[in-house]
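Two complexes come next, and they have one chain in common, chain A, joined by chain B in the first and chain C in the second.
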Partner chain A sequence: MTATRTDRWDEFMEGLWRQNPIFVMTLGLCPALAVTVSAVNALSMGLATTFVLTASCFLVSLLRKRIPKEVRIATYIVIIATFVTVVDYLIQAVSLALYDALGAFIQLIVVNCVILGRAEAHASKHPPLPAVLSALGMGAGFTLGLFALGAVREILGAGKLFGISLFGEHFQPWVVMVLPPGGFFVLGLWLLLFSAWTRRQRRKEAIQHA
Partner chain B sequence: MKPAIDPLPTTPTAAMLRTLAVVAALCGTIITAAHQGTQAAIEGNKRLAIERAVFKVIPAAVSVAEYLALPEGRLVKVGADKTAPAGAIKFYAGFDASGRLVGVAAEGAAKGYADTVRILFAWEASSQAVTGFGVVSSRETPGIGDKILVDKDFLANFPLEAKLSADMKTLANAIRTVKHGTKAYPWEIDAIAGATITSRAVGRAIDETAQALLPRIAPHLAQLEDRP
Partner chain C sequence: MSLEIRSAPHIKAHRSVETIMRHVVYSLLPICAFYVFQYGLSALASLAVVTAACLATERFFVKTGTQAGDISDYSAVITGLLLALSLPPGFPLWMGAVAGFAAIALGKALFGGIGCNVFNPALVGRAFAQAAFPQAIATYTPSFLPGRFYEMVPTSMTLPFMQPASVIDWLKAKQLDALAGATPLAKWKFEGVLAGAEELITSLSGHMAVGPSPALILLCGAYLALRRFLDWRIPAAILGSAGLTAWLLFALSPERFPNPFFMLFSGGLILGAVYMATDMATSPVTPKGMWVYGALIGLLTVIIRYYSGLPEGVMYAILLANAATPLIEKITQPTPFGKSRFALLGRARKGASYPLHPGYISREEAHAVTPKKRLFAHKPKAEARKKSNEARD
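The block that comes next holds the complex of A and B.
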């Protein structure tokens, strides 16, 4: 029982941390660079992607024995596109301002390689529970990555976090951070930090084993 | 002698088609259900967004009605089906608590620095002036182009004269944006220094819509007064 619980936790942590789609696999960078001008946009895009990822992986896993391999990609894309349409409607129903801010990147979730990758590499080979846990972990990892970018860009580029002013009116915003180049700067710095931290961990483990 | 190689197992065509048909039907059902379930909320959100935008540019308004100005000069209220005949220009009429017309608002669009700048501006019939504007959508550079909504000198351009000519077929003076500090007439917009392209887009957007819309609606304003 304990082993199963550990396995499940591992499935979740795989995407959240060890195989984080942004910091480790550097996948799905198109929305990660384009919509992360604020923390709210980043979180919303992360949650929308998590919803599509989880729902698609659940359905793919449920139908995995009935989908012939010859038509699997077509089937996965139809399933993913379905949930993207659903999330598109849901965001419009929640907030039109958010819908306008995320723009075409909501529809572009269809071609986010994290989702098709998860459906093909994991959900099509595992039962629904591990498939959903793995998708949730990957979605949480993607959301974490987007939020890390969005929060830093909003703080530096607008002097705010979640729209709340942090430094008073004399703060001169570092505007480039909310422009496209700022996305690359902040992503580069996060990748550097993540890679330095991972290396340190590995070195520590090596010393302990020695 | 070579051993006989078993052909790779293949899925029958009928099975592939069946799977695709089942998945398509299932996905179709999910999409239709999501559409039906969210339609009312989306319509409500759209109406709220329009009302909020109109109330912002016509602060005295407490209710809004959507109208179409037809090419032949008639004004018709937008029905539930939202269809517009060719050449019609959409505008919003703002009414106060007693049902009196306090202003009309219309959308205008012009190319800015990054992309098209879409604005909603208000026109007051009694003073024949554009009283203010709000941004509907803009991708202008943060910190530069988005100053049009906060720059005090730029906002001081409003109310902006938008009088109709004597024959009521066009504006008496076309609205235009001039370089910062060179505004000489009440129908000119003093541009923001450093954000001239976005300032020009605002001027062009107002001018184009006002030239087309105001001659159509000005003779029928009394009709709007009667139908709050």
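The block that comes next holds the complex of A and C.
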């Protein structure tokens, strides 16, 4: 049976919304809290992770019948590390300022649990096309989560978005937002809002069914 | 004849969360009134805005179903009033609203609502404000200013997201004496000026920027303690331990440390000890635990005041002790009736775990089974294993 278009769309939306890595699964929080001081940093970190995730899920899915079960984790790590090295050099070549801002967290994409988790749980069991679609969805969800954190922290912490001043020069910066605790506070608020929204939807569905 | 076997409590007081909270609000009203008398219009606006922000946030999260409870139980009002009392009177109103939102959203709704919170919501709000706006929260204006009922402190009406204006020029026009414009603790810490006893207790004389009067707070706290709305052990332990620590240090080097009396009655120690540390959801339930908890807060407060860069330490001391509360409850479990007092020592301790053990919570709930302690939780028993082996063969 061939997969219909809606199935594929579902595969993509799964990661973007219902199983969002940041807001639902709360995975990969280390970069989510550390590099989201500004929207640009958050967005580029999200895109880098998406690239590594998609490429390594594609390769893992292609090789899924060749990889011996006993050494699969090591093999996945090697594959992921390869693409992380690519991204590392790429960002260094494109923008050195961004590379300095992200620091060690680019190399640390290797140990991002979203990537290894998706390679193990999804890509190793599915053919390339669904694997890539799912990885793209997860990557987009991760980017969305990071952007949501980064945008709020940049707006409140510096009064800017993408470096453009929003409030004029008398803006009172919220000192805590650019510090690590601010990451936790904003993440907590987003989780709270997300869960409030999900509950609301569920209640609406229950009313419709009744 | 059928017997129903139940675990304690067998007698319940006709007292709901709403009743308790309502009485705490009543006891806070005189303190708020005195605070408004001290600081005038700005304090009134601050109290109103912060409380309104707390109530609005609570309403939102209760309505969306994220948080248990109801706004009619007055707990958000307490949070709002306490938060406003702990902020400077001239604190910009928009920052006060942000602190109120953070108090309920981060301190309460995030953990699931009333009774589920780990930290005192009012202090979470204040800690957030302290971390986000460190300059504004350290800017105190003097009390008993002439004309305080007609004009507000200029910083109060700052536009949202904008920096508050400087109050220095505004204060110069008022021509006050030397003690004006800083809290007694900041005066002592950064300038070495010690405030007098009478000023500290009643907050009545001079223009010093003291908070709500400690004498009044103690009086209102005594009412609550007599009506059993708060446990007297916690404030007693906090004040005792803070006084003792301060007295020890004072005895060691009187020229370096201020007298213990000053330590007890300056800053927010009394307010924190009576109203914030006694929050029922975030303090231990065991009597022994309350003493440990209070002693920890008192000790930490004095240590933070003496040895850190901050003039005030009550907030962080209470938050730290809140975090330690489950641990304190665990080590101070009372011996159940019928067990040896020395049961805590040997193996006999098994089962002597009153408040945290699910078996003790309710026998009426059929699924509340006391879990058996085993070394390996999921290890199948020997017989069962043998059986499955035979079946496989």
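Operating definition for what follows: the second predicted complex is superposed on the first by the 207 of 210 C-alpha atoms of A that agree within 3 Å, B and C clash if a C-alpha of one lies under 4 Å from a C-alpha of the other, contacts with A are read in each partner's own complex, and residues count from 1 in each chain.
By our rule, a residue touches a chain if its C-beta (ideal position, glycine included) is under 8 Å from a C-beta of that chain, and two chains touch if they have at least 3 such contacts.
Keep in mind the model is a prediction, meaning the values are calculated, not measured.
Give one of first, second, both or neither to describe whether A:W190 is in contact with chain B, with chain C, with both, or with none.
After superposing on A, A:W190 lies clear of both chain B and chain C.
Pick one for A:L179: touches chain B only (first), chain C only (second), both, or neither.
So A:L179 meets both chain B and chain C here.
Could you figure out whether chain B or chain C reaches more residues of chain A?
So, of the two partners, B touches more residues of chain A.
Quick check on the output: what are the common chain A residues between the chain B footprint and the chain C footprint?
Common to the two interfaces on chain A: residues 175, 179.
Which residues, counting only chain C, touch chain A once they are in their complex?
Residue positions touching the partner: 61, 64-66, 95, 102, 105-106, 109-110, 128, 131-134, 136, 158, 161-164.
Give the list of chain A residues in touch with chain C in this complex.
Touching chain C from chain A are residues 159, 167, 170-172, 174-177, 179, 181-182, 185, 188-189, 191-192, 195-197, 199-200, 203.
Applying the document's contact rule, which stretches of chain A touch chain B when the two form their complex?
That would be residues 63, 66-71, 74-75, 78-79, 81-83, 85-86, 89-90, 92-93, 95-97, 100, 157-158, 173, 175, 178-179 of chain A.
For the complex, which residues does chain B have touching chain A?
Residues 10-11, 15-16, 19-20, 22-24, 27, 30-31, 34-35, 37-38, 41-42, 45-46, 49, 137, 141-144 of chain B touch chain A in their complex.
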